[in-house]
Amino acid sequence: MTPILSAKGLVKHYGRVTALDHCDFELYPGEVLAVIGDNGAGKSTLIKALSGAVIPDEGEIRLNGEPVRFATPHDARRAGIETVYQTLAMSPALSIADNMFMGREIRKPGFMGRVLRQLDHKEMERFAREKLNDLGLMTIQNINQPVETLSGGQRQGVAVARAAAFGSKVVILDEPTAALGVKESRRVLELIQDVRAKGIPIILISHNMPHVFEVADRVHVHRLGRRLCVIDPKNHSMSDAVAYMTGAKAPEEELNAV
Amino acid sequence: QDEDILACIVTKTDTNPFFVKMREGASQAAEELGMTLNSYAGTVDGDHESQVDAIETCIASGAAGILLTASDTSAIVSSVQQARDAGILVIALDTPLDPVDAADATFATDNFLAGELIGEWAAATMGDGAADAHIAFLDLNVSQPTVGVLRDQGFMQGFGIDIGDPNRYGDEDDPRIVGHDVTQGNEEGGRTAMENLLTQDPMIDVVYTINEPAAAGAYEALRAIGRENDVLIVSVDGGCPGVQNVADGVIGATSQQYPLDMARLGIEAIHQYATDGTLPQPTEGKDFTDTGVQLVTDAPVDAVESISAEEGQDLCWG
Amino acid sequence: MTGESDYETSVRERRTETPAEFGSRRAGLMTRVQNTLHATPALVPLIVLIASIAIFGLLIGDRFFSPFSLTLVLQQVQIVGIVAAAQSLVILTAGIDLSVGAITVLSSVVMGQFAFRYGIPVPLALACGLGCGALCGAINGTLVAKMKLPPFIVTLGTWQVFLATNYLYSRNETIRAQDIQAEASLLQLFGAKFQIGGAVFTVGVVFMVVLVLGLAWILRSTAWGRHVYAVGDDAEAAQLSGVNADRTLIGVYTLAGLICGFAGWALIGRIGSVSPTSAYEANIESITAVVIGGISLFGGRGSILGTLFGALIVGVFSLGLRLMGADAQWTYFFIGVLIIAAVAVDQWIRKVSA
Amino acid sequence: MTGESDYETSVRERRTETPAEFGSRRAGLMTRVQNTLHATPALVPLIVLIASIAIFGLLIGDRFFSPFSLTLVLQQVQIVGIVAAAQSLVILTAGIDLSVGAITVLSSVVMGQFAFRYGIPVPLALACGLGCGALCGAINGTLVAKMKLPPFIVTLGTWQVFLATNYLYSRNETIRAQDIQAEASLLQLFGAKFQIGGAVFTVGVVFMVVLVLGLAWILRSTAWGRHVYAVGDDAEAAQLSGVNADRTLIGVYTLAGLICGFAGWALIGRIGSVSPTSAYEANIESITAVVIGGISLFGGRGSILGTLFGALIVGVFSLGLRLMGADAQWTYFFIGVLIIAAVAVDQWIRKVSA
Amino acid sequence: MTPILSAKGLVKHYGRVTALDHCDFELYPGEVLAVIGDNGAGKSTLIKALSGAVIPDEGEIRLNGEPVRFATPHDARRAGIETVYQTLAMSPALSIADNMFMGREIRKPGFMGRVLRQLDHKEMERFAREKLNDLGLMTIQNINQPVETLSGGQRQGVAVARAAAFGSKVVILDEPTAALGVKESRRVLELIQDVRAKGIPIILISHNMPHVFEVADRVHVHRLGRRLCVIDPKNHSMSDAVAYMTGAKAPEEELNAV
């Protein structure tokens, strides 16, 4: 099976810091791949490189086996890769609907839309409401309220819903539950399972081991800017995972392959 | 060896056509005499510090003489003294220093007189109507620089208005004055100021303007309400567009000055001084060399001497 | 699954829940007013505008409260109004454009000189002038977006560059209204008048109003408009959500430059002539209008309609104070106070998060 | 403890660890240069300054590269230098002060008019002038800190208010240098000259240098100085860490006003007289110096020494271009280019996070 | 035993939102009190009110039984209450030492310090290094490096160390481990125990139930802007706590008292 998204030898420097140090990566169709690692290990930089938010200094990225170059996050989105960044990437003053459709707005049919490029606000609102309800994430009272009036949890929910609604090939979630309460985290885990059920593979970055071991099919352990090993959560304990990622224990050779 | 003679010209701004022409006159004369000329200017009328910087630069570069139109006639005196102490001939152009003898020589028009001439002309043209005229004053800007005050007060004097404190306007109580507004000396300001004063009193029939661009703007405002033919506009400067406007009936009369002459005379004086040390002599009976002001109008009145717009064209400078 | 405790059971089964509701506060009248104003940002300057017209109308009477005077205000603010529309776009992206006045006057000079100095056909000369404005804007935009320089500094620099270019290129020559009228009257198009009752309108005034309404529509109803707000709100977030932030920025500055080009055309209409010393204070005046109109200098918030009201407020104040006999220096003083007061009111309203 | 899994065992016992080390990149020469410059922000403007002195020295020769000319630059930048020191403080707090020029000239007018119009003893008149500066600054500071209004808008408003007050109060009267010399020569103190070789220094120049060094020391070595940086870096964080952000801000604006008062005194020394039309462009010039000196307009970063170098760079450019006979508009043009270039270099250097 | 810090009837409105709704609170000497609750329940607002960062609209705060009014965080700090806010409250461009001493700088002895108010940089650096080492939190290479060059985990470490070093009466930690990796979280829990061992009471806000139940002596459950109940972790399960805070179960009457 060829990986749907893969990377080889990614390198990214920030001034004197090497955030990615010849890092490899593979995501297979239909799987939930968790990426775990210490703070500053380079996890966010890796997924930024995969989603066009950062241009790696070296290395190659392949989508369905074809080499690709994403110059902007927009390029990656067009290729069907949807990402929820650690910082959420929302425009606080704009509405929920505006945010969900940012960069892929729906235009009105006919003259107004084609020539004057008028947006179809009604249709976008309908779609946004439907997606939020479909996913059963939460009851948003007013689809036009600015995102800044939402609580942290609701905001994260909107970001995740956006990714789930538009991600046709890959959905990437960077610490989607970091600031969330117990109940809110639960809903996100359910959502991940819903998305996988649709056959779309997911990359999940999280520091929460129980969550990782609950939903992941494979776990990519990231350390010092590169992939240390990939483990199967069914054959390994959380203790093993933590030991590998903190450097307390070295992984056995064969673990490096799938 | 004349190339070694360096002259400086320091004007108030380099955006006003008046000073542009003055510089042109100076560089022509300098070229004829084979001298080098450096020109400096402030950013806005009243920008005194830039002129101080410029004089210091001329001292540093070893100039033989400086032609200066001072933004602040008394404040500049210390810098002028410094230049003269360094053996530089300093000639005031257009605007006499305060005191006049702070400069080695002065080639100037009298801005107060320029105002007075148009004031007298306006009064004479209106005849009996002058007694209940409605006069609008379109001045330079809120900082009331001296040229503006001198012309404004000169106009009042000529028109027969008690000017009160001659160093500022706005303190008069003559009921014929509708009001003062500022124009920045350009068309846009002239138009807006005229509109403002017209709303205040639609019966305005005399308009004093600081310069010809302001007059052109005022004319646009009057034309917009169809009153361009029953209002007298007077102005100062006598630049070519201004004189053309006199010919076209936009401006009734303007006081013409001769910046090209001032500059040419100034450069010649510096050349003379640098070659044999002779100092220029003032006009007989005055403490400066008067380069003259003439009233340009196609509707002459008996009381005031004037030249026609056609004659003005030959002498104009813009 | 290894070693996971089951404390999450109670949240595992989804229960039908209503979203958390806090006891809604009994809103006082003041709070309700604040909330309404908060929801519609252009309302504040509109109210201030109506109030100032009413007050000056009462104080001064018919001389002020007449169709003639009120439409005069429109004519007097048209240049600043058009330039402020351009400034609004830039400020919505959290930028600022100090070079607007310089672009305006340079464009008008290019139109005039191309027609008169080189004898280029007037429509072509006009197009060159507008192109010049757009080009200047594009330079600003490129420096801001591609070189990541702060807009304040970029436009502080280009302000001086464009203005010096204007003086050097024009040789400080004015082209007289009479000559333009005779040979290139199209340049004065924006000055053409028509009357409805005592009210006097010009093409320039109509252009200003149509421009602002058009931009308001674009900002609200097109993807590009939403992107402008998103970039101003949080440029990085917008970029990450798939907006091409650089292209949006360059687009905004270029459009702003083009609008300034139109302002240059309108300027010829208003003053009749082409004069390189015009529009000197347009940068400060346009920022003032934008700020009084309630657009945040931090970007992403506010409505361009507010800018139009902001420009009109300043116009009403200037004319009103003048009619009351305040001299120019006092007018200057009160406009200063007005700026601070207008923003203080705005800030008070914004304190209420809806 | 209920139902906790033990997956954390491996991190429960503390092991001696070295902090995570990434492979250090082989730094190229360029990168090393960038890093050094990054660590010492005032170094960039210093290098630009030295380079421009060298270039003009080569181009012009002795007329420029003489003690007289080089100290002349110091005299010519003294007012802008002093005002820019005030501006630096404000900009370090992420603010901006557009009213500095107005405060400067108003203070100098108060000094002059108090002494001449009311016959108040000169030292007292001086104190009143300085007090006036501080008061203006305090008004700005209070509006910014207490009413939470954006500094740009506050000082845009007070700029007009202070300037109008200046014109109204002074009645546009200049007090002549001769009169001041005769009756109140203390007002001209900052103009007093002394010579060392060909080099000419004034009290004002010495004041400027001492002021900048003093402020640099205060900013680095006192708690107040650290608070200024902290407030500019992140006002809310500073407030939460126990800094009284409001008091710091009011203090900064008041001190800036007081320094402008001194600039007003120095202005009298420099031009001899008291003229209400002076210092018209001091706001833009001071911001230019600060920006070229490498202080971030976003606050919290940069060194006040850089500002002094920034002011000197502009001074060297202006004098150099003038001595070369460039006309004024070309000088503006090049200063505009210089602003953008200086900041582009600075930005390039800042790209490297150390 | 009188509580060391207590509050009665605190109310705080933000526009139309009521963040605190007649909330009560007690912290007893020497204890670790955990505050748990859903996103947006008002936990952060509560501790901001206790630490002077927010001025409540109504209600009373008492320190050692005496009513107090904190107008600024500085007032609370002077009273010995140290807080690590959810947002960390650091000046990114300033050094670690600068940040640790912000608002309570040490001056040089003698003339330079007393009259010229010169700071004693050496002494502050020494103290900062000592505190960081004492707490064994991490090895900081250079005490003068700007905080912005630290990783998220190191930053949180510095904030916690500052609070622990200066808090003489109460230490408040608002979600100190939210962004932290497994290892880094562990160190913070150890630090909490170290501080308690010194006899200083701690308020800990966290969404991480295992952590809460590991270190807390009592758990304050916050719901809809007020205290729902206080439970003893030794007598209650995590499931109970989660059920109470999400409203799935109502607490029994007697739980409201200690």
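First chain written, first letter: the chains are A, B, C, D and E, and each begins at residue 1.
The rule is short, and it goes like this: a contact is a pair of C-beta atoms (placed from the backbone, for glycine too) under 8 Å apart; a residue touches a chain by one contact, two chains touch by 3 or more.
The chain list, named the UniProt way, goes like this: C, D = Autoinducer 2 import system permease protein LsrD.
Values in this document were obtained by computation on a predicted structure and should not be read as measured data.
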{"item": "Grouping of chains that still touch (sans chain D)", "value": "one piece"}
{"item": "Chains touching both chain B and chain C", "value": "D"}
{"item": "Smallest count of steps, each to a touching chain, taking chain A to chain D", "value": "1"}
{"item": "Rounded Å distance between chain A and chain C, as computed from the means of their C-alpha atoms", "value": "39"}
{"item": "Centre distance in Å when chain A and chain E are each reduced to the mean of their C-alpha atoms", "value": "32"}
{"item": "Centroid distance [mean C-alpha coordinates] between chain E and chain C, Å", "value": "46"}
{"item": "Interface hub residues of chain C, defined as touching at least two other chains", "value": "2-8, 11, 17, 167, 329, 332, 353-354"}
{"item": "Multi-chain contact sites of chain A, meaning residues that touch two or more partners", "value": "38, 40-41, 182-183, 209-210, 237-238, 242, 246"}
{"item": "Per-residue multi-chain contacts in chain B, two or more chains", "value": "14, 142"}
{"item": "Pairwise chain contacts under the document criterion", "value": "A-C, A-D, A-E, B-C, B-D, C-D, C-E, D-E"}
{"item": "Complex contacts: residues of chain D adjacent to chain E", "value": "1-5, 8, 11-12, 14, 17-19, 221-224, 226-227, 229-230, 233-234, 236-244, 300-301, 353-354"}
{"item": "Residues of chain C that touch chain B when the two form their complex", "value": "63-64, 68-69, 72, 75-76, 79, 167, 171-174, 176-178, 191, 193, 200, 267, 270-273, 275-281, 318-319, 322-323, 325, 327-329, 332"}
{"item": "Parts of chain E lying in touch with chain C, wherever the complex brings them together", "value": "13-19, 21, 38, 40-41, 209-210, 224-225, 237-239, 241-243, 246-249"}
{"item": "Chain C-touching residues of chain B, taken from the complex the two chains share", "value": "14-17, 20, 142, 170, 179-182, 184-188, 190-192, 195-197, 199-200, 213, 216-217, 219-220, 224, 241, 244-245, 248, 250, 318"}
{"item": "Complex interface listing, chain A residues touching chain E", "value": "37-41, 151-154, 175, 178-185, 207, 209, 242, 245-246"}
